[in-house]
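First chain A sits with chain B, and in the next complex the same chain sits with chain C.
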Partner chain A sequence: MIDARLYLLQRLTAIAMLPLIITHLVVMIYAINGGLSAEEILGRTQGSIGWAIFYGSFVLFAAIHGAIGFRTILYEWFVPNITVCSVASIALLVILSSLGLRAVYAVTWL
Partner chain B sequence: MMKHRSHPLWKAFLLHRISGLALALFLPIHFVILGLALEGASALNTALAFSELPFVKAAEVGLILLLAIHLLGGIRILILELTQLSWDQKMLSRSAFGLSAIIATIFLWSAS
Partner chain C sequence: MKSNAKTLTVTVDRFDGDTHYQTTHEVPTRDNQTVLDVVTWIQQHDDPTLAYRFACRVGMCGSCAMNVNGEPKWSCRTHVSKVVSGDASLSIAPLRNMPVLRDLSVDMTEFFDKWTQAVGYFVPTKTKDDPLSEITPDDRARAKANQSIECINCGICYSACDVVAANDAYLGPAALNRAWTLMNDERDGARQTRLDAVSGDAGCHNCHSQHGCSTYCPNLLAPASSIAGLKRQTLMNLLPWGPSDD
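Moving on, here comes the complex of A and B:
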């Protein structure tokens, strides 16, 4: 039952991320032109509620999606103990969401 | 016994897993670097200066390639699992890889 729910959640986060990833790719290709600078990045993102919501939701979707995928790969290829794999994937979820939200706060908060 | 591993869709499956794993392992580094903005723009600029090194730039292009592969490969999986469309999956997986290479090339062109 839990596996079916995780499967569904992974697909839902994948669909939710489609426009976010495409936008991120376009912004990166645009931003890398002429080199990257903190001023350029922060000038675009600081004080922007829109970018905070965009990147904040992106981080959470990616953390959930990545943790579920990591659990599956870990179980099928490396550790045939689902409890250990679940604990490791929760650890990855916590690491990705906390570091990610900290990064969003760092670049969007004035 | 290993014959299936030469199948294009097995390669697509493997590529999707490896690209996803690599992206998940890269993200903490990405977040820590962006988090340097908390210490001010100069701290972030110091880290960004490394992105001008040729091997770092090559790694960035590699990451864009992996992201595009995971995105487009993921779209193929969603089409296969969630729709009634009976498109040629081998053609879709090859197109996904080709388009990913084009996206990474555009990024490289923009970065240089």
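Moving on, here comes the complex of A and C:
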């Protein structure tokens, strides 16, 4: 139960996340050398608009990508009612993006 | 056919309109015996009430498909010797993903309705007064159409498809394969209508690329590749910079 537009959006968000995932992993592996501390992470993120945009867009892409996939799985395996599945996936989209954006806000500005 | 003393134990899934049940039959084995021969023997010698379909017996008409030992097969060209394991038993059931009418006969109405929904029919652009289109055998689009054109509408791919099982609305591999052959027919005049028809909630984007269709197609077609072609073409059609070419 997926149409061409949602399918395309899911592929585009996947493509967009690719460099973000690679950067995230490389920075994480680099940062973890010599131990990892909250101060070290916050030292990089606090007040950094660059990292806020990086992780803010990452959160949105992941939430959109995941919600579309969740809708299909929910429909094909559990709930054969596409309206219910769409509402549930929008709820998931809202939950994932608000939790993610809240975290990005917290490490940047609090 | 040479007769010998051996027999085959055949279990058939039956349905009389109300109840599903199974019957078991001892069928004499023959050389070069097909699954259709077995079913016909059961009906003629053991149980005349057994309902099943066939017409041509040579793999052209697409009527005799059924589940043989759990896998969808064209029964007329499936040799018993190729599907029977050591214990000389065979299980025969109707195709799945279609409502059973009786015994091995399924209702294919929805299967064919979906061909129409996918605009799986030729829409002419010329009249008989126009000159014939010249399409050479090495034409790129014609070569693509060639790969998927020999479909006999048997319903095996539809029965093999897990997406059809999970999603009633999904158009299915056969209808989408037909749509793909028409997208590669330069004489056809319904390209955009067809792209729209296969781009909806029931369209080609639901395919999980599990290749059940291509695995079981008795004519060795690759509906999964046709569906991939439709996905490419519909997405290029959606992208503002994409030419609707491939």
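Keep this in mind: the second predicted complex is superposed on the first by the 105 of 110 C-alpha atoms of A that agree within 3 Å, B and C clash if a C-alpha of one lies under 4 Å from a C-alpha of the other, contacts with A are read in each partner's own complex, and residues count from 1 in each chain.
What we mean here is this: a contact is a pair of C-beta atoms (placed from the backbone, for glycine too) under 8 Å apart; a residue touches a chain by one contact, two chains touch by 3 or more.
Remember, predicted model here, so these are calculated numbers, not experimental data.
Contacts of A:S37 after superposition on the shared chain: chain B is touched, whereas chain C is not.
By the touch criterion defined above, A:L8 reaches chain C but does not reach chain B. In the superposed pair of complexes, A:F78 makes contact with neither chain B nor chain C. In the superposed pair of complexes, A:I21 makes contact with chain B only, with no contact to chain C. Counting the residues of chain A touched by each of chain B and chain C gives the higher count for B.
Of the two partner chains placed around the shared chain by superposition, chain B is the only one that A:V107 touches, whereas chain C remains out of contact. Chain A residues 11 lie at the interface with chain B in one structure and with chain C in the other. Chain C makes touch with chain A in their complex at residues 163, 166-169, 199-203, 205-206, 231, 234-235, 238-239.
Note for the complex: chain B touches chain A at residues 17, 20-21, 23-24, 27-28, 30-32, 34-38, 41-42, 44-45, 48, 51-52, 60, 64, 67-68, 71, 74-75, 78, 81-82, 103, 106-107, 110-111. Contacts from chain A toward chain C in the complex involve residues 1-8, 11, 72, 75-77, 80, 82.
For chain A in complex with chain B, the residues that touch the partner chain are 11, 14-15, 18, 21-22, 25, 28-30, 32-33, 35-39, 41-42, 59, 62, 66, 69-70, 73, 92, 95-96, 99-100, 102-103, 105-107.
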